[in-house]
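As written, the chain order gives the labels A, B, C and D, with residue 1 at the start of each chain.
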Amino acid sequence: MHDTVVAPGGGDLSVDVRNLTRVEGEGSLHLRVRDGAVESAHLEIFEAPRYFERLVVGRSMDEVIDIVARICGICPVAYQMTAVHAAEAAFGVEVHPATVALRRLLYCGEWIESHALHIYLLHLPDLLGYPSAIDLAQHARDTVEGGLRLKRAGNSIVARIGGRAIHPVSVRVGGFSRVIRRGEIESLRTDLIEAQQLADATIDLVASLQPPAFRRDARLVALRAADGYPMNHGRIVSNDGLDIDAAAWETMFDERHVPWSNALQALGRDGRPYLLGPSSRVTLDADRLHPRAAAALARLGVADRIAHEPNWSIAARAVELVHAVAEAADIVDAYEPPPSGAVEWAPRSGVASWATEAPRGLLFQRFGLDADGRVLDARIVPPTSQNQAAIEADLALYAPTILGRPHAEVTQLLEQLIRSYDPCISCATHFLDLQVEETS
Amino acid sequence: MLTASTPLQITRRRPRIGVVKFASCDGCQLTLLDLEDDLLAIADRVDIVEFAEATSKRSSGPFDILFVEGSISTPEQADEIVHLRAATTTLVTIGACATAGGIQALRNWADHDAVRSLVYPHPEYVESLATATPIADHVAVDAELRGCPISPDQLREFVTAVLAGRRANLPDEAVCAECKRRGVVCVAVVDGMTCLGPVTRSGCGALCPAYGRGCYGCFGPREAANGAGLATWLERDRSPSDVARAFALFDAWSPPFRRVIDANGGPPGPIDGPARREGPDA
Amino acid sequence: MTTNAILPTETEQAFLPRERLPSLLEALRRDGRTIIGPMVREGAVVYDEIRDTSDLPIGWRSDTAPGRYRLEETGSARAFDYGLGVSTWKRFAHPPRVPLTTTDPDGMVAAVEPDVPRVAYLGVRGCELAALGIQERILRAGPAGDADHVARRDAALVVAVECAVAMSTCFCTSTETGPEVADGADIVLAELDDGFTVRAITPAGERIVGQLGCNGATRAQVGAAAHQVAAVRSWIGYPLPTDGLAERLRAVPDHPRWDEIAERCLACTNCTLVCPTCFCTSVAVSSDLDGTTGATERVWDSCFTLGFGRVAGDANFRPRVADRYRQWLTHKFSSWWDQFGSTGCVGCGRCITWCPVGIDVREELIAIAPPGAAPAPIPWPPAPPLGHAPTPLATVDPARYVAVGVSGARRETADTMTLALETDDPALLASRPGQFVMVARPAQAVPPISISRIRPAGLDLTIRDVGPATAALAQSQPGDRLSLRGPLGRPWPIDGAFGGDIAIVAGGIGLAPLRPVIDEVLRERHRFGAVRIYVGARTPRDRLFVAELTGLRGRIDLEVEEIVDRGGPEWLGRVGVVTQLFEHAAWTGEHTTAFVCGPDRMMQAAARTLASRGVAPERTWVTLERNMACGVGLCGHCQLGPYFVCRDGPVFSVAELGDTFTVEGR
Amino acid sequence: MNHRVDPEIVDLVGRMLPHLPATSRRTLAAIGHDERPSAGVYLMRQGRPTLDTGFIIEGRVAVRDHIGPDDVTLMTLEPGDVFGWSAVLDGISTASIVALDDARVLLFERAGLLSAIEGDKGIAAAVYHRLLEAVASRLDATRLLMRDVYGPGNRA
């Protein structure tokens, strides 16, 4: 199954890395090189199509919240948050401030869980030369256990607010399915105090790493909000001057269907790839970081490498871990429950569109709604499908610099580079709706 | 097919464990990593030989226990599950996709070819079967863990029971039993909510009622699930389409839920093909 | 606070003004008690810890209908006009989960000592008090009471409050369990607009009431309280005619309505879990990853789950929902009288309110067993006046585990082992043929195993591997230790056969519990006439105790015949079913006592053939298998008609069983 | 049926069908054959036409089915038992019958038995009753075997 083929002799070379490991979902890399130059780099996604944009048609937005979570088991909160905010914007629902805070706390939980998972179970074994965290644990059990405890702190937040760590159940249009009691939230404090220490230790760990060198300039895109580090809302900005309303995503970006992949790839309407995720956010929103996270970033002193070296994304994730833990602790301290779980609301026709920052980057959703608030058509653009073209572009740049090395090493380095983007392939596979097809 | 009460073979040497996935969201296999406290202790006692999400080491078998996530949605998957079955002693399906088809099985009601060519710019790039179906429609299944996603507690119990050589405690009773033990006030009786608890298998800890909403059936039908009985009651003050809608989620394709959906006009959504492709028991 | 606490006649009633209700809570708290009482939560009245009178559901009233419950605000100052809570007091007296066993430092199974809080139940209704009494009688009875329940009830003080309102689902007047508060309370309150009349019933209640410093209630106050509850009685009326209901219900096990209900019933378990008298539980096992330490806990279960009727090898006695509903309703209103000498229903109506599809037992009972319908002939012998009295057992503490050593392990067949156990425990050594023991290992379920030989220094257990627990047991080696609870159950009545002939009929593993009968009969051979042993096995390879049987066949004072279901060419003996061995035999059975053990069907066939040979049903003894979890008649799993198989059996005469022996789904 | 009737056979018929009137006994005895097959002799072969109905007087016979390489004994029959019920149904033998000991059987050829049944209501009632008993007991045995094969195990 793990099949790497390097063509013998000549200048023509074809590298296949089948069934990428330690990424969520199923993908493979196909690279064609001619005379030392990369002719094509295709990140193939063969996750079976699941047609989500079709499955939500005819559903109420509360049902959509439950359904879109199932696009990704790693970041269900991101899908729920984007859908619920889109719905509330479309229906003109003003939620209680405590609901706003709880949703941000829920999102922090998912970031903590997802980043701890990626750093400790997926990325760190790469950088330290182990096939898995389980093998790493044979030599550095404390480190892995610490990472698992950090992950558990994130899971506890999601489970406390949403009932369970994966596919939580309480997010509803207008708020939550019931009042989340103060006692339930307070009990998170102990976990978060430990998580604070573990997140700081993660910064120290990252400071000791030597990721493989690979530098390039990339177009970085993220949300940016006036009131804090981007999570639940913001405008779309880039390091080359873009600044648009999130609902206007489709005016600047579009998706295309490439023959080697079941996922749609997004590009700028100018045809340029762009990169989302922790590195983009830390670069574009450094001034919005929690003071603790800003201090951690300063201590690491790698802001420039985060912007230019994909293998340093682990540092961006570590900084965001510190941020999410610190912000979560602040929300827990200040939490006062709202008078009711959700506010009253009524559906109306219109377009619900929104973007939030999933752990892996900007997630855009748009739903056309009828007068009963039922979905007429939908578009869901996950971060990994937006990153795919940027990853391929980086691979095409990186491959020539390592091609002289032994085959196994080439494979390993390419896999590592792909993993450094934390691609979530099951999210990337989705179903394109009719409207989009006409424009593409 | 064997149920949760089926004893598993006691394996004396370190069992070889695999985790594979088909069409799914990865949430069920992530639950294995979510066993945080027990993950390393379990890893000390078994050889995890295939788990693409967690390790670069790969294996195509043999497996003493193979956890299978996801439904069969492409021709390759239909072939692969047969090969995996042949290499596996105890095949365990995890989650609603693998045990019932998952949310993507809702497309089984639609005409797949029409949908595919209608909506994909290049349908020829996309290979998928007309239906998304549970693993047990393709090969024999030895045990199943229900849920969307599976419960970490049930997964822990299952693995512990296998390692300890005892019967896993995975009841096939209704969610109501857990709900009542937990002392949750019934949302159906008090608030008149639609709650699938009486026809849904327990294992979640009566999660949704405890969070103030009706059960949405993500653990699939319990034994003797009386979907028609619940539907009849619900239809006193709901339209048939609202009854179908409630059953048309992650376990829609399980026969007891499917019968209710079919009897109430099919799942929500546009009619872009035959309302259903097979009879209620197909 | 047992129901029969010796206690004075009513004291003179006191009056507690409303604003001084907190003083009652304070007095209870000073008595070291956590107060459990009604409060509003999640849109309903539930019972939970009360910290303050403001926690009480002041000004709330519940409106109930089949499958429907709504709280309404009345604006009244009254705290106890809410009707009934969703919760029942059994949540506190017989909680949903109770630890049973743990693993001791020696790796043996040990019972967990009850650890219970000192509490006061505040706001117990007449029907609820009756239910507490019913549960207490059940759980204090048997060869051993339920230690946890006994401790909880002993640690609880009951403050009852008379009903001043009724709900549409109430029918306590029909079951004669309310609305008036009867026996079992320590203090009884009646709520009036300006306060409470207070009666201390027990010394414990008097101690509390004495601290309240109340004045005496006026005649008018006492009269108003009496008038209130009388109004409730007349409002409820008599919605369910219960006269002769137990007998009428017995008559209709085949009524078509059972199948019709099964189309509506979701078998969700709600009716049983909200029922204040339902007491059934199952045992859940947990363990560490290595299977070296484990624990068990007792968990609320219900006769509506499939698992509840499941026995070894995944057979099931109540596969159909119609069977389960019939079992529940018949138990509540009919066989409960036989088992416990009381109604199983207190008319609280919770099963009606909390049924998610609004099934109303009152309606179903009237449809199935209408008043005026002919009562059934009793299908089993009439119950003694105070309920069914089990045969007394040797005085052992059935909750106690004894560690015993395995001294030998002999393979009988491919799936059956005989373990020889050594012990000096007097109770175990006093086991009688036909009794069984619960065999525990730390990480395994605890199966009941029949004793297959009683030796001066130990017991033999013959174990067939039908699941993980028995498989693990069958792998025991000499030197291993097991934890045993028992001996349990009623033995074979061998002494009743003195002076007559004996027929022993065994099918398969059923020979194991009959082996001690053979041992004892041979030891006292002179006391019996002809002794005939008929043994069936599935195949020649499945025969048990082959050498022993061969030895017995050589004796001139015994007739030993064997038959197998399927014989290969190597088998020269008889092939067929075990009844063939005696259906054409020359003997007649007037003086024969038969002991039969095997699969249910085989026992039924044997009983028929024995009857045709003239063996009386009173002298045809069978041993039944049900899902025996507690072994002492407290968990409800092995109910069969009026019996608990574990406690009243497993040995029964065919006459005692009546039609429960042959009707499916019982 | 005027030829001389063997009184021993009349006696055997009486033992096998005790409720049959004396004249009918003689009618039946006239067509009966007292046979003494030795151990191992096949009285009936599975899949062949059933030529006789027989009563076992002495010894034991086995009812065998050809399953796989070996014959499987479905049941053993003892004195008083009847075999060959398919003879009256124009049937084919569903199993083989083989003597396990040196046995003695009372055989009735199919054609003769059928005409005796047609001509004498008493014979019909007695023979059919006896055959029905035999079939019922086989069915009962079969049902128990089915339970054994498909049902779960018994007491552990």
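As a working rule, a residue touches a chain if its C-beta (ideal position, glycine included) is under 8 Å from a C-beta of that chain, and two chains touch if they have at least 3 such contacts.
Fair warning: this is a prediction, and the values are worked out from it, not measured in the lab.
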- Task: Look at the interfaces A-B and B-C and say which one is made up of more C-beta pairs in contact.
- Result: A-B
- Note on the structure: Taking mean C-alpha coords per chain and comparing to the overall C-alpha mean, nearest is chain B
- Between chain A and chain C, centroid-to-centroid distance (C-alpha), Å: 55
- Message: Using mean CA coordinates as chain centres, what's the gap between chain A and chain B in Å?
- Response: 25
- Using CA atom averages as chain centres, what separation in Å is found between chain A and chain D? 81
- Note on the structure: Taking each chain's mean CA coordinate, chain B and chain C are separated, in whole Å, by 35
- Query: Could you say which residues in chain B touch two or more other chains, in rising order?
  - Reply: 212
- For chain A, write out the residues touching at least two other chains, lowest number first. 178
- Note on the structure: Shared-interface residues of chain C (touching two or more other chains) are 42, 314, 467
- With chains as vertices and touches as edges, which is it: line, ring, star, complete or other? line
- Each pair of chains that touch: what are they? A-B, B-C, C-D
- Quick one: which bits of chain A touch chain B in the complex? Just the residue numbers, please. 1-2, 19-26, 47-51, 53-55, 57-59, 63, 66-67, 70-74, 76, 117, 121-122, 125, 131-135, 137, 141, 144-145, 148-149, 151-152, 155, 162-167, 169-170, 172, 176-178, 256-262, 341, 374, 415, 424, 426, 431-434, 437, 440
- Can you list the residues on chain B that touch chain C in the complex? 5, 7-8, 10, 38, 41-42, 45, 157, 159-161, 163-167, 169, 171-174, 176-177, 180-186, 188-192, 195, 197-199, 212, 223-224, 226, 228-230, 232-233
- Message: Quick check on the complex: what are the chain C residues that touch chain D?
- Response: 312-315, 447, 449-450, 463-467, 470, 507-510, 512-513, 538, 563, 565-569, 571-577, 580, 583-584, 597-599, 601-602, 605, 625
- Message: Which residues of chain C touch chain B once you look at their complex with the stated criterion?
- Response: 41-44, 46, 67-71, 86-87, 91, 96-97, 263-270, 273-274, 284-291, 294, 299-302, 305-307, 310, 314, 321, 353-354, 356-358, 443-445, 467-469, 471-472
- Where on chain B does chain A make contact in their complex? 21-31, 33-34, 36-37, 39-40, 43, 48, 50-60, 70, 73-74, 77, 102-104, 106-107, 110, 115, 118-122, 125-126, 128, 132, 148-149, 151-152, 204, 207-208, 210-213, 216, 218, 245, 249-250, 267-270
